[in-house]
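When the chains are written out, they are named A, B and C in that same order, and each has its own residue count from 1.
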Amino acid sequence: MISLVIGLPKPSANSKPHATFCTPPTSHRQREECEGRTAETGKVLSMPAYATNMRLKFPILALILEAVTIIVYALLVVYDTSDSHRHDGSHAETNASHPSSPMTLYPSKYHKYMFCRCAYQDVHVMIFIGFGFLMTFLKRYGFSSVGINLLLAAFGLQWGLLLQNIWHLHDGKIRVNIERMINADFSTATVLISFGAVLGKTSPVQLLIMTLLEITVFCINEHLVVEVLKVSDVGASMTIHAFGAYFGLAVARVLYRPGLRNGHENDGSSYHSDLFAMIGTVYLWMFWPSFNSAIAEPGDAQLRAVINTYFSLAACALAAYATSSLVEKKGKLDMVHIQNATLAGGVAVGTCADMDIQPFGAMVIGITAGIISTVGFKFLTPILASKLGIQDTCGVHNLHGMPGILGGLAGIVAAALGKKEKVSATSQACGLASSLGFALVGLIMKIPFLGQPPDQNCFDDSIFWEVPEEEEEHEERLTHGDYSKNKAEA
Amino acid sequence: MISLVIGLPKPSANSKPHATFCTPPTSHRQREECEGRTAETGKVLSMPAYATNMRLKFPILALILEAVTIIVYALLVVYDTSDSHRHDGSHAETNASHPSSPMTLYPSKYHKYMFCRCAYQDVHVMIFIGFGFLMTFLKRYGFSSVGINLLLAAFGLQWGLLLQNIWHLHDGKIRVNIERMINADFSTATVLISFGAVLGKTSPVQLLIMTLLEITVFCINEHLVVEVLKVSDVGASMTIHAFGAYFGLAVARVLYRPGLRNGHENDGSSYHSDLFAMIGTVYLWMFWPSFNSAIAEPGDAQLRAVINTYFSLAACALAAYATSSLVEKKGKLDMVHIQNATLAGGVAVGTCADMDIQPFGAMVIGITAGIISTVGFKFLTPILASKLGIQDTCGVHNLHGMPGILGGLAGIVAAALGKKEKVSATSQACGLASSLGFALVGLIMKIPFLGQPPDQNCFDDSIFWEVPEEEEEHEERLTHGDYSKNKAEA
Amino acid sequence: MISLVIGLPKPSANSKPHATFCTPPTSHRQREECEGRTAETGKVLSMPAYATNMRLKFPILALILEAVTIIVYALLVVYDTSDSHRHDGSHAETNASHPSSPMTLYPSKYHKYMFCRCAYQDVHVMIFIGFGFLMTFLKRYGFSSVGINLLLAAFGLQWGLLLQNIWHLHDGKIRVNIERMINADFSTATVLISFGAVLGKTSPVQLLIMTLLEITVFCINEHLVVEVLKVSDVGASMTIHAFGAYFGLAVARVLYRPGLRNGHENDGSSYHSDLFAMIGTVYLWMFWPSFNSAIAEPGDAQLRAVINTYFSLAACALAAYATSSLVEKKGKLDMVHIQNATLAGGVAVGTCADMDIQPFGAMVIGITAGIISTVGFKFLTPILASKLGIQDTCGVHNLHGMPGILGGLAGIVAAALGKKEKVSATSQACGLASSLGFALVGLIMKIPFLGQPPDQNCFDDSIFWEVPEEEEEHEERLTHGDYSKNKAEA
């Protein structure tokens, strides 16, 4: 009895009915033991052998990617400073609705520079703190959530900046400025959304490869949608949120794990992990107006984008709280809903954020998104998992998928109603279809041999991280009742 | 013995002497059980029956409030974009010291826009992260602190924007711009301060109604003080901090709970909850210069507001640390003081932040506030609770009440000394009196049947939130010594 | 057996072999008991008597320092507002590469003001949240990390503003503006870096004195390097990072504790303390571009500083993850590396951040810093402790020391290659030598009688803070198995 508590597996554990998997781990040390056994012998599993040791493949992959990136940067990337001919058209925007304006007066130029700088900083916080901490809700997966988030975004922004601007070379060079750094940050958001769908079930190696692939596909779709089809998607409901969510769900589908059908011991939150996640939620909520307005046309369009997002989120929050209470037994609030559905208004208002939909229009979009998202968490996510084999860890379908589509649809309606000049409802519909279509590329992400953890080690930092052992010592002491006696035995 | 540890109440618990209340809860599951019993039978309590089930009343209230808000917005609220005649005087400021300036030159206009945008973002962080996390210090009330904070502020900013601008319609419309969003955020601060006084003892339904009422009263007082009496209160020491604190204390008075006279098991912090609270403290501390300068006149006045607040807070921090050590046994620091009293300098310098009091003047105000606030926590809060029946959970009297009055008094002195043009000491005194007078409206907030929790469920998230059960399982495992055996029993 | 678990020391504990020190503490209450005993009797220790009671000396020191500061401010410090002749040259910069420009046009002036304001806010966040939470990684030292960080920075910025500007009086006055507040924040960074080296082993009294001394030395070196030698060090790799690190290591050397040779029970992290630390890491990582560009020349130089830092950090992150996995057994990631080494790129690119090194040059610096830093944590820190007697709690040598020197060297190379006008390689080398030389002043910080904690109370908040007791009660309950029974016994 004591042996298990102090972290050693019982010798007879493997002969029990559920011996195909290790007994649910009760401590970090035991989890490690369990993982070690499967990694070395591979016998107790009927699935393909797992090679979760990253010693060589992860460092080599990361260093090669970085080395190649640096070489390409040395060849292609320069500052967009005035001495590198910044006035000869290099300011053409990724957003088609944003005409280049080399003739702008001084104030407007500085205004734009300062606006970009502030917006860049806010978006940066959303990417690294917002997404990173939002995913720390899992009780034993906080290191990976915030740590791997940082890794993927740090690589992704380098890769995204290259691919987004490869279409706009000037004198064979990519000229970096703040606005392009914002767009590079944006490109990483797609990966971080997809990361949410497969959280806890993938290795850093797989995720780096997914980053490389997904950002490539994103840049192709974004170019097609924004530059070719001239679609208006200032807050990227379609090109980032819907695309990222369905790409992630496609990956989750091909990596489906029957062994997790009945849930997993660690696939849940703890009290403090939920509070850490709220740091992410609140930052995303607060800075979303910057996200949706960051690449909007300076002036009225930008102001509209800020105001619409502000009110959409406020209305969405009320709706999410109300719906959460309505669908839960005894009317209690559910942290999962609060952490996620309160943000759906920011996603859903993205496409028409800079359009003339008026504050109440934004609020109607927000309230709808809040209700849909909460209902999705309660009723749709379990069905996706059981019927379609899509195990969506963070429920990105409810936060980014459905609200992203809602945003696309709202954009079509707004375009049809003439809420923005030079934007056609047909183009908008094509943009949505294209974003959803390209997301299916996620289905090719079947790369199980790249360090994917076995089922019983899912949702557990200790398979890829050194984890402090203090908890076991604490348990040990409680059980033995005497610290020094325990030490003497060791 | 084991039964209690695994979270089931002992059958004989109700027959014990203190059976009027449940035995102090030891686990989330048990607390829920306890609450269920009282909610269903209502027998064991001599107080009015508690109806803490929010299933219908909370969602209905929230959705009705939001629906009404959206309808009013559809009728009244438009963007303050240039195409809606932004130059025809719609920039009249809430702050009387801030003349509308339709003739401003380009640079100044952009300067103001950018300043507002940065200040708005900083104030937003103070409202949602600052206030939200500051209140997470309670060991089992973090979900409510940061979650209900978000709910109240999200509703409050919509309501505040309406009421603050209903006095300044143009063509029958309220024109939203960034500055008005800052003021809307400000209006929610009053509610969040009052929330601190009643933290842990109220339901979301009560709090939503308090938000509606308090912001209404705040807007009336603010209009009277700033527009009619022409009082200078750029950092809102009087209209937000003193008003919000005494409004909250009035509510705490009418909701006095004799059953909590001797404290409550959960009315305290844990090590990590104190660290979460420090996130709130540090954000408030860092961004307070933006709060006090956000609606200051661009230029010198704004710069003074930033500098005065910066130095007041720095001096206040030293004073709070020194006083905390001085009043505690063995000279130790007390987290409650550090979390709160370090901020009192920001409150107290608010009224004269934009006045010409020089850095050392701000530092004198800051050091005074830090000492008063710390001494208040140590000696005054217990007296308020025992003698006056005011149970002030977060000690808002020490952080916002007394420092707010100090700020008002400093403003009177500064006005008398001519530190700001066109500001009279008499008006300032009237502004302080008015703010304190209107705060007494809090005394009518006696609405005990709206889901108010029974005494034993105070300071506990699990009465209104689904709370992760991992802790109990953990305890279970420790007690049973074997996870799978335990599962088999279940 | 039970007695120890509930927090009381065993009576016979002192007779055991390791009785010279208390038995490793298992609970806050016990730790306090232990400390109390040593503080009162002093018998069980062979070292000098410890007087950790701060009741009088800490408040008196803090209040005297603050009072003196206020008096000096009253005599010397005024606002840099237009009415105090701001145009007469008072804008001379601390950074020598930054000529004063009283003739600048309106847009540029506002641009600079707004840029400074944004940069100031970002730097402020790095100082108070970044450094503060980065150090919360220790399992029982979070209060001190974030709390004493606030105390030292709050005092340091007042002191730093005085000493940095005492060289530039105008009409006998120091004129405060936003840029000088940024520089004041910078000066505190040196102290916070040094604090990391001695974290857990010093008292607030010692640290306040260290702040006073270190900022004084910093200001002398900064004046010499930047104003006299005309060294370019826009991101302060040499004057802040290398200086602060080696100053701290010098202090750690003179405060060497043989009793901690074999480690300490509390000198490690816990799962949640590591997550709190990641808040600090991510904020530092995100805002470092503002740190390195805050005092750069507006325009191209500023843009280069932002871009170089952005890419250096991105490349550094990849390198840190790769190297961490490479040097750890089984290829796992180590939180210590991720928390620190990912930031080394920001330090190392500091000196040449505003130079024309192109993005790929910044990435090469970043990747080098990430590798050096991680390798330093793994192999060098243990050697420093065992061979040189330098116990570097946070590993500041790896995050600030070596990357700071790397930054200095990169600056010499860049200067030699002509990457910035009017900057000579010789001057740069002198700047590095000067910064390292002045850091040796740290060796005089031998002040062991100012409340330094005894070895067994190191890394433990409870010696200087009131710490919540909930943990013990929890343990008690678990052990006794019955809450009310336990109460009855008490």
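We adopt the following convention: a residue touches a chain if its C-beta (ideal position, glycine included) is under 8 Å from a C-beta of that chain, and two chains touch if they have at least 3 such contacts.
Composition by chain, UniProt nomenclature: A, B, C = Ammonium transporter Rh type A.
In this text the structure is predicted, and so the values were computed from the model without any measurement.
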item	value
Rigid-body rotation angle, chain C and chain B, from Cα fit (steps of 5°)	120
Residue-number overlap at the chain A/chain C interface, same or different (half cut)	different
Whole-Å gap separating chain A and chain C, where each centre is the average of the chain's CA atoms	32
Touching two or more other chains - residue numbers and ranges from chain B	107, 110, 114, 118, 272, 279, 478
Footprint of chain C on chain A - complex, ascending	53-56, 58-60, 62-63, 65-66, 69-71, 73-74, 77-83, 106-107, 110, 113-114, 117-118, 121, 124-125, 128-129, 132-133, 136, 140, 142-143, 146-147, 150-151, 154-155, 157-158, 176-178, 181, 204, 272, 276, 279, 464-468, 470-471, 477-478, 481-485
In the complex with chain C, residue positions of chain B that touch it	1-2, 4-5, 16, 23-24, 26, 105, 107-108, 110-111, 114-115, 118, 122, 139, 268-275, 278-279, 282-283, 285-287, 290, 299-300, 303-304, 306-307, 310-311, 313-315, 317-319, 321-323, 325-326, 328, 330-335, 338, 342, 356, 358-360, 363-364, 367, 475, 478-479
